[in-house]
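Have a look at the structure below, then the notes.
We call the chains A, B, C, D and E, going by the order they appear; numbering starts again at 1 in every chain.
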Amino acid sequence: MSQPAAIEVVDVSKRFGPRWAVARLTFTLATGRALLLTGHNGSGKTTLLRMLATATFPTAGHIRLFGQETRAERAALRDEVALLSHASFLYEDLSAEQNLTLVARLRGVPQAKAAVAALLDKVGLTTRSDSPARHFSAGMRKRLAIARLLLKRPKLALLDEPFGELDPAGIRQMEALIRELKDGGTGVVLATHLVEQGQSLTDERLHLENGRAVGAQA
Amino acid sequence: MSQPAAIEVVDVSKRFGPRWAVARLTFTLATGRALLLTGHNGSGKTTLLRMLATATFPTAGHIRLFGQETRAERAALRDEVALLSHASFLYEDLSAEQNLTLVARLRGVPQAKAAVAALLDKVGLTTRSDSPARHFSAGMRKRLAIARLLLKRPKLALLDEPFGELDPAGIRQMEALIRELKDGGTGVVLATHLVEQGQSLTDERLHLENGRAVGAQA
Amino acid sequence: MSGHPKILAGAFEVLRKDLLIEWRTRARLNALIFFSLATLLLFSFALGPDSELLRKNAAGYYWLGILMASVLSLGESFRIETENLALDGLRLIPTDPRAVFLGKAFGNAVMLWLLSLIVLPVMVALYDVTIREGVAQLAGLLFLGCLGISAPGTVYAAIASNARARDVLLPLLLFPVLLPSLLASVKATGLIFEGDPMLQLRSWVGLLASFNVLYWGLGFVLFPKIIEDD
Amino acid sequence: MSGHPKILAGAFEVLRKDLLIEWRTRARLNALIFFSLATLLLFSFALGPDSELLRKNAAGYYWLGILMASVLSLGESFRIETENLALDGLRLIPTDPRAVFLGKAFGNAVMLWLLSLIVLPVMVALYDVTIREGVAQLAGLLFLGCLGISAPGTVYAAIASNARARDVLLPLLLFPVLLPSLLASVKATGLIFEGDPMLQLRSWVGLLASFNVLYWGLGFVLFPKIIEDD
Amino acid sequence: MRHWTLTYSSQTQALLWLPMILLALVLALIGVHVFDPKARRWTWKALAVIGVGMAVGQPFLALSWVPPEKYMGDTGRILYVHVPQVWMALIALTLNFGASLAFLLKKSWVSDALAEASAEVGVLFGAVGVTLGALWAKPTWGAYWTWDARLTTAAILLVVYSGYLALRKFIEDPEKRATWSAVVGIFAAVDIPVLWFSVKWWRSMHQTQSNPSTVDPLMTAVLRYSATAFLALLAVFIYQRFLVASAKRNEEVALPEALPAVGGTP
C-alpha cells in the first residue's frame, strides 16, 4: 500500500436517538477520484459527509482519510478537508469580505487580502463585498460559502448539493470548479439529486437507501 | 373586463436599505395561466414572490390579485394565495403531524385529521409523522413544507425553487403537482433555476435582471 | 372578514401550539423555575444574612425574580417564531395578528403565573414571610401582575426578536415601561405579606388593573403594526 | 500540532471577529448599558425609597446588575455562533477549540468590564456611595470579577446554545456555580465602598483570584469537550 | 403655599401681564409656523430671537428682580429653570406621542422625523431639568437623590425614552424603524400622566403643583416668563432637529435617478 486511500469507511453507523441515519457502511475511495453520492431524501448523505468532514463522528465503525483516523487526527485532517454543507457557516452580521478574511487569517492564507478579493470576484460578489451576509439572497449565500471553501485548496472536497440555489451560470461555474479540483488531484465527494449532471463529473457512485449502500459500488 | 387578471403588477419597486431589489416592474398574468420566473442570483425573484404573497409590500407601486389590492385586502387574499418559500415556515419543535394540524385548524380545513394523514402519505412522511421537524433532513423539510401548502387548494400558488433539495422521485411528484394545480384552474408562479424543466410546466416567462424585467414578456 | 369569534378561535390555536411546543420540549417552565429560584437565592447571598431585611423586601425580590424570568420566557416565545420565519407562515395562513397577540400574551401570562405559584412556597420559606391576607387573594394578584407583564412584554418581544441584538434589546425596552405597574404589584404583594391595616390594597390593585386594561388595549391595537411588514 | 503561539493567534482572531460583529451591529454594549441602568433603577424602585439600605447593599445590587447583563451578553455571543452552524464552520477551519474558548471568554470579560465601568458613576450617584479605597483598585477588582463570570459563563453558554430552550438554560446552569465567586466580588467591592479597616480586602481578592485560576483552567480543558461533537 | 401678603404698585401690577403677552406671541408664532409652510423661513428665526432674548433677561429677573423665596431663600431661585425645563420636556414628549399616533394612522416621514426630534429634545430638556432638580435637592432635602415617587418616575421617564432613542438607532430599515418606534412611543407615553400624577398618588416629599392663587404673583410672573422663553427655545430646537431628521430620512428613502418617483411615501 504505497499510498493510502483518500477515504476508507469501515463498517460505519451513526445513530440519532433511536434512528440509524447511516448503518454499517463500508467503502473506499482511492486518492484523486471523485465519488457521486445519491439517495432519497433522508437516506443519510448529509450525515455521511459530516462524518467525513470530522464535524461529527460515527457511533460505531471507523473512518480513515489518507490513512488517518478521523477521531484521533481531527486537527490535522481538518486542514486538508473542506465541506460545503446545507448550512453556510457564515456569520450573518459580517460582510462578505469579513467572512472570508476571518477564514483566510485562521487558515494562514498568504496575502489574505488579495486572495479574498480574487475569490469574491470569482463568485461574482465584488460589488456586494461590504454587505452583511444577512442581506444576501439564497444564491448569493451559496456563492459566498463556495468562496469560503476555496480559500485554501483542500486535498478532499465534500460537496453537499453544491448546485442548489445557484443560477444557470453559477451551475456551470460549479461544474468547471469540480473538474478543476479533480484535475488538481483533489478528491471529491459530490452529493446531489441531479444524477446525470453528477455522473458526468464523477468516477464512482454510491447510492444510499436508509443509510445503507445499495447496488454494486462502481 | 369580465374577469380580473390573477396578477396585476403595476410599476412596483421594493427597496432594502439603499438597494432596489425590484425596480419598476409591470406585468399581468391572466387567470389560470402559469408564469415562469427566472433570473440570476439576487435578481429579485424571492422578493417579488413575497410581495405577491402579501408577506411584504412594495415600497412604490401597486399589486392587485384577482382585482384586489394586496395591501388593503391582505386578509381576504391570504386565504387564496399560497407561498412555498426558501424558509420552510415550520415550527422546529412540533412534529410533522402537529405542524400540519395547526395549519389545518387555522385554515378551517374540514376533517383536519384525515386530510393531514392523507397529505403526510402523499409526501412520503407517514413513518416520520411523530418526529419533530428539527430532526428532518433538508429534503424532508421541503416535503413537509409542500404538504403544508396543499392543505387547502389555493387560487394562486407561488413556488420559490420548489425542486431544490428534493430527490428525483420528489421532483417528478412536484412536476405532477404543478400540472394538477394548473389543470384545476390555480394560477402558478414558478421561480426556478432549472429553466428547461420550468418552461415545460409554464405558459409565460418573466426574466429578471437586477430587479427589472428583461426581454419581451411571452 | 374577521369577526370576534374568529379572533378568539385563532388565539386559542396559537395558545394551543405554544403549549404543545412547551410540552414537547418541557424545557421552558422547568428552567424558568430553577432560574427564579437561583435569583431568589442570589438576592439573599448578595445582600448578606440580614433576615429582617429580606423579609421586609420579600415582595420586591419576589417580583424581580419573576420579572427577570419573564424576559427569558418572552424571548424564547418569539425565538421559536423566528426560526424558519414561522411567524411569517402564521400570518400568511392567514391568522389575524390580533389573535397572535392574544394567544401569545395569554400564554406567557399563564406561564409566568405558574412559575410564580411554584416559586411561592420556596420564597416564603427562604425569606420567612407570612401570607396574611389569604392565598386565594395572593394568587389573583399574582395573575393580575403577570398579565401586566405579558401584554407589553409580548409587543416588545416581537420587536426585539426582529432586531439585531434581540436578547439584550428586550429587557432594555421592557423594564422601564414595566416599572410603574411592577411597583403596584410589589406594593400590593407587600401588603398581603405584612397585613393591610390602612386598606390600601384596594387602590394598588385598582392601579394595577387600570394598567392592565391600558396595556392589553394598546397591545391588541398595536401588535399588528409590528408583525405586519409594511 | 498546535503549539501555544498558534492557540493565542487563533484566540486573537476569534476575539477580533467578535469585536467586529459587535462593531458592525454596535448593539450589544449599548443595549447592555441601558439594561443595567434599568436594572439598577429597578432594584431601588422595587425595594422602596430607603436610601440607607440602598447604600449599604450597593455592592450587591451592582454585581447583580452586572450578572444579569452577563447572562444576556453571553447568550448573544453564542447566538451568533448557532446561526448557520457558524461554530461548526469555525471548528472545521480548523480553529483550536481552546482558542475559541480563550477568545470568547476574554471578549466577554472585556465587554462586561466596560459595562461595569460605564455604569459605575451612575451607580455611585444613584445609591450615594463613596469609593474609599481608590478607583484604580476598584477597576482592577471589577476586571477580576468579570473574568470570574466570563470563564464559566462561556462554557455554560456553549452548552446552553446547543440545547433546546437555550435562553432559559444558561442562567440556570450559570448562577449556582457563580455564587461563591460572586460573593467574593460583592464583599470586596463593599469593602472598597465602605473602607477596609480590618484589611479583609486582600483575602477576598485572593479568593476571587483563586476562583479565576480554577475556572479558567477548567474552561480551557473542558470547553473542547463541549463544542466537539463526539 | 407661600403666601405673600404684600401689595404692589400698579406699575408692577401691569408688568405682571407681560409674560402672558409674550406667551401669546410665542404661541401665535408657533401656530403660524405649523399652519403656514411658507412662513417657516422666518418664524423659527423670530422664535429664536425671542427665546434667546428672553433667556438672556431671565437670569436678571430670576436672580435679582424677584424676591427670594420665603422658606428656601436664594436656592429657591432654581425653581425658575427647573420647573420650566421639566414642563418643556413633558410638552416635547407629549408631542412625540402625537407624532407616533399620527404615523400609525397615516404613514408619513414627517411624523416620523417629528417623533425623532421631539423625543431627543425632550430627553435633553428632561435631563437638564432633573439635573437641576438634583442640584436643588442637595440644599433643600440634604441629598442629591431620594427614591421619592416624583423623582423616580422622572428617572423612569428618562430611561424609557432613552430606550426609545436606542431602539431607533438599532433598526436600519426606515419603515420598520418608524413603525416600531411609533408603537414603543405610544407605550412609553403611558408614563407621562403617571409622572404627572405621581405626587398625588404616592404622597411625595416633592412639591405638588402649587396653585397660582396661593403663590406670590411676582413668582408666578417670573415662572411664566421663563416658561415662555424656554417654550420658544424648545420650538426652535425641535424644528432644527426635525430638519436634520427629515433630511436624513429623505436621503434614506430617496428613489434613485434611475427610478423617477412613483407612488411616493410608503
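Quick note on the criterion: contacts are C-beta pairs under 8 Å (C-beta built on N, C-alpha and C of every residue); 3 or more make two chains touch, one makes a residue touch a chain.
If you're wondering where the values come from, they're calculated on a predicted model, not measured in any experiment.
Chemist: Using the contact definition given at the top, which chains are in touch with both subunit A and subunit C?
Modeler: Common neighbours, subunit A/subunit C: B, D.
Chemist: Per the contact rule at the top, check every chain pair and give me the one with the most C-beta pairs in contact.
Modeler: Summing C-beta contacts for every pairing gives the maximum at C-D.
Chemist: Most remote chain relative to subunit E, going by C-alpha centroids?
Modeler: So the chain farthest away from subunit E turns out to be A.
Chemist: In angstrom, rounded to a whole number, how far apart do the mean CA points of subunit B and subunit C lie?
Modeler: 37
Chemist: Any idea how many Å lie between the Cα centroids of subunit B and subunit D?
Modeler: Whole-Å distance between the two chain centres: 46.
Chemist: Give, as an integer number of Å, the spacing between the C-alpha centres of subunit B and subunit A.
Modeler: 30
Chemist: Let me have the rounded angstrom distance from the C-alpha centre of subunit C over to the C-alpha centre of subunit E, please.
Modeler: 33
Chemist: For subunit B, jot down the residues that touch at least 2 other chains.
Modeler: In subunit B, residues 16-17, 93 touch at least two other chains, as defined above.
Chemist: Can you list every residue of subunit D that touches 2 or more other chains, as numbers and ranges?
Modeler: 25, 27, 31, 34, 38, 41, 45, 48, 164
Chemist: Find every residue in subunit E that makes contact with two or more other chains and list them.
Modeler: Answer for subunit E, listing residues that touch two or more other chains: 156, 159, 163, 166, 170, 175, 266.
Chemist: Between which chains is there touch?
Modeler: So the chains that touch one another pair up as A-B, A-D, B-C, B-E, C-D, C-E, D-E.
Chemist: If you look only at subunit E, which of its residues touch subunit D in the complex?
Modeler: 143-148, 152, 155-156, 159, 162-163, 166, 169-170
Chemist: Which positions of subunit D touch subunit C when the two form their complex?
Modeler: Interface residues on subunit D, with respect to subunit C: 25, 27-28, 31-32, 34-35, 38-39, 41-43, 45-48, 53, 57, 60-61, 63-64, 67-69, 72-73, 75-76, 79, 163-165, 167-169, 171-172, 175-176, 179, 182-183, 186.
Chemist: Can you name the residues of subunit B that touch subunit A in the complex?
Modeler: Residue list for subunit B touching subunit A: 16-17, 19, 39-42, 46, 86, 124, 128, 135-140, 142-143, 161, 164-171, 193, 195.
Chemist: Mind listing the subunit E positions that touch subunit B in their complex?
Modeler: Spelled out, the residues of subunit E in touch with subunit B are 172-173, 175, 252-253, 255-256, 258-259, 261-264, 266.
Chemist: Subunit E touches which residues of subunit D in the complex?
Modeler: 26-27, 30-31, 34, 37-38, 41, 44-45, 48-51, 54, 125-126, 128
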